[in-house]
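Could you have a look at this structure, given as structure tokens, before my questions?
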């Protein structure tokens, strides 16, 4: 960490600060410049609170040179992590196609969709049982009953399942779920993250819609530092001034995060924009920038169901996406 | 709600949609224009999922005419709500001065600060016991022990106390806390909000740093619709492209929210910008735009404590803020 | 346009508003609902100022049903526009590879790079002569002399050239330039746009870093409504809270804009993120989402030039990008 | 400037970089740490291009220690600048009340409003003659004729006038205008800024709706470095995800900019939010945070004019704002 002191700081106060850093077992390298003095901190600065340092009245600014994330840092773990989900691999060259309905509604519905997406090449089934909704008056999902229906579809098709968990108190209901999803709104629900770090199932961690890359990685660190290293990251759009799409899908997050971390990163093109017609092209974009998988909402029986859930596509479209994504990934090797 | 259909939608599909709306007990007024057909929905449209309607392939766009929030809506409750916190009133002309340290550290520290801010006119004591931190390696607060220290300071000074709760499982520890704070990162932790709605203590709900006014109000609605109507809103800065300040304090939120809701709204100038020198002027701005109170970090013994916590001011500065805020509020009546 | 009136508006004021709309030769369809009255405006509402209507004290809200852009609107011009630039086609299935150095520095430099990128498949040469810089103390480009050097490279290689124009007063210097670039900072320099609309050269219009899709299209409309229909749009990143990358490349803009307009859309992956290692993957993402071309900074002789300009890649990398982008575009047809 | 090198950079490349810095007449202080080498640049680093340095492949990151703005930097000019506009002072304790209609429409209109706002305490008259509009189909202002009408109002009332200039080519029309406004969309129209720096009239420079503080100051620097030191800054709202208000008024900009620069800063509460009911409270907020003035849209004869221009208030409201702003400024001294 580099700490730039303000002009005209007294020697006494400067020494007091240096002693404080030394008390944290850090080496301090002092460099006196023309207009300011710079301290270089040497050692494990992950525990130094950058905001606190910046807020000191004798400090002009501070800057981290090394990252704070350790468990997920590629520097300390250069090879890609491969996360296994019910026998399906994600990362390290393994591309996951995750599909299913927005909400689990009935046994017939979930089994129909599960069969359809399996036939089109999906390797994992998704479906919402606990649904985080902006309004308390919106449908909140079938809860535990929804999970039972997902398990029925798993029994029928053999597909592993992923579904969202909103509270550590619900963990017993997720015993047979293959990978636990943390939604964007809970990305910094640290109590939940710590609880998921103390159990063994893999975690699918979605980026909050206003979270930086570093914050996403620090949230992964909450899970991993408790012992669970099986984390899959997911970019699903960030909030900007543009209102034509619901969010802005940040595809640069994939190659950028891959330089920072060894964890797999997948893309959710369905929730990102809120516009069905953009799911297909953005899926291709995701494959092209190097994502490790896609998680897509697919609905059943579109002719008779008026309202299939927003952002869902038909199984036929999923079929095309699966085929072309494979071709794009092959194009990367020419 | 107004629903604009796409050009060239067949009569059959249009009728199917209208029947679906009628099945929700809504009246439907059809208006055929030159280039598009518009449906006006009449009745309780709060339960209609706008995103779902917008995602239908025959719908061009949709727009709510009436708000979805009911319990907190000023239309149905024109007079200001006054929330009582341990005998102290907030809202309806009652201006609350809430102050205290960033983190509770020791009995001596919290009692010293409590006495100092009380002497300067603070009416409620704040202090962090459970601390949500971006990094798992940062200090997470004293937890339950911190609450005990806050209670000691309350016993000593008579000031009611506010502190943050991060999980419903911790509720028993907060039995003697006067108002429960929900932090910005948990503004959409719906499980926590529902749990707080089922108990009786007032709730201080901070706006998420990327939450819209409507989302903040819908989160208040989660608490209120469960039965607890004592919610105080708090604006503490939103995330923008500007990096000189940590966040951008949105002071327009105060008069804007006051037109939408009857709940009290206070301002946190300490966390908003991350710069100590901006706390004082922004406190005056808050008083001038009509806020119902301030929540400010104040630290003890700044001469000897090197690192007082970011964004904290000295008791003397708090003193000045208290005095001038009163004068500004008086200026509003000339 | 749909105009929702506030509750309890008097009949007299309502009639006054209706007369005002009728005075603009608009039909007005009045629909009286339970809680509000809605006016549907029929006719050419592009000239109605939405903000002005929304600001009227009797209006609750207003919403456009039809878009304001006409010349560039796909509804009125369903087939893709193909823009010809010195014999090279952009759009309608023609993918343009535009490459060259950040700044034109010398005849040797620009001719060397021009030959290198031509050999790798570039069809148009780019190079900065007039440089918009945040600071007046930064290098502002060679100006008219830089254009002369670009023309020398054009003479030598036969590649058409694109370079930025910052003021209509400079137009005479651009007489032999093939396509005139308007930079992101000048996207709403309406005087410049109008001047470019009154001449015949094609225009490469970059999206402002905080401009909505509609604003970008309205700026294209400034050019087109003056008579020049040869506009190529360019997405180059928008400004968000994330600071790891300089900007966030909004690849969804490509398929989203293609539904709205018939104009070609290309991607600038070099300026978008400010990180050289992201140029290659984002170029692939651009090809996969359906962009009509890429504009990439390529520098010469990287071994000896210490500072080649930010975000520039080597000719060899450009070679790979060209080859794989073609393969990705082929993958779209499987 | 501090430059952090990547791990494992060869001595040869490191020396090459150091030589390059020395070639710019900079001193270089090398500090070898455990995990990285840090270069401290000493001397005038304003001319070093930070982005270019950061883009070098051997550089991990770079950070400015000293600001790039000089002419407007408070460090080199500690006392407040006072700008004189037709005899009216702005800054250094002088609070300017600028008011007038959105657009100049007729001689009767502008003279009526000018008299009304003068009676309420306005010291400068504003009015739009050249209007930057998102759409080419919207009213673009009366242009030169509008300026003539403003001059008539100036002759009648004695109020100095401010109006927007969009192109340096129009300068001759502004000969009798007292202060030239640069709109938010032209904040980085560097050709215009340079032209305004080469003439003598004061400049009112509005912050772009996605411009950082530093970018605003660098734009002021474009004017000042050409010789014209009479610049007044104006905050008018920034673009965020929140859509209830058109923009988010960043009142923290006032005290933040005042620490960085000696230039006066005023607030435009009319354009910031696009909501008439927020103008009054935000004016008070502006006075309380320490702004040097307000620029407010005021319209005439609201009973008969249906459409007065968005965001305009009545003269009576302006009257109240003027009175209470004075009282708030007095409250700052208790």
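Letters A, B, C and D mark the chains as written, and numbering starts fresh at 1 in each.
The rule we apply is simple: contacts are C-beta pairs under 8 Å (C-beta built on N, C-alpha and C of every residue); 3 or more make two chains touch, one makes a residue touch a chain.
Note that the structure is a prediction, hence the values are computed from the model and not measured.
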Contact tally winner between A-C and A-D is A-C
If you average the Cα atoms per chain, which one ends up farthest from subunit B? C
Determine the centre-to-centre distance between subunit C and subunit D, using the mean Cα coordinates as centres, and give it in whole Å. 26
Expressed in whole Å, how far the mean CA point of subunit A lies from that of subunit C is 31
Whole-Å gap between the CA centroids of subunit A and subunit D: 39
Subunit B: positions in contact with at least two other chains: 210, 214, 239-241, 243, 275
Residue positions on subunit D within touch of subunit B in the complex are 210, 212-214, 238, 240-245, 248-252, 254-256, 259, 272-273, 275, 277-278, 281-282, 284-290, 323-324, 327-328, 330-332, 334
Interface residues, subunit A side, partner subunit B - complex: 16-17, 20, 46-47, 49, 51-52, 54-57, 68, 132-139, 166-169, 185-186, 188-191, 194, 208-210, 214-215, 218, 221-222, 225-226, 239, 246, 274-276, 306-307, 309-312
Looking at the complex, which residues from subunit C come into contact with subunit B? 2, 4, 27, 29, 31, 33-36, 38, 40, 42-43, 60-61, 63, 65-66, 210, 239-241, 243
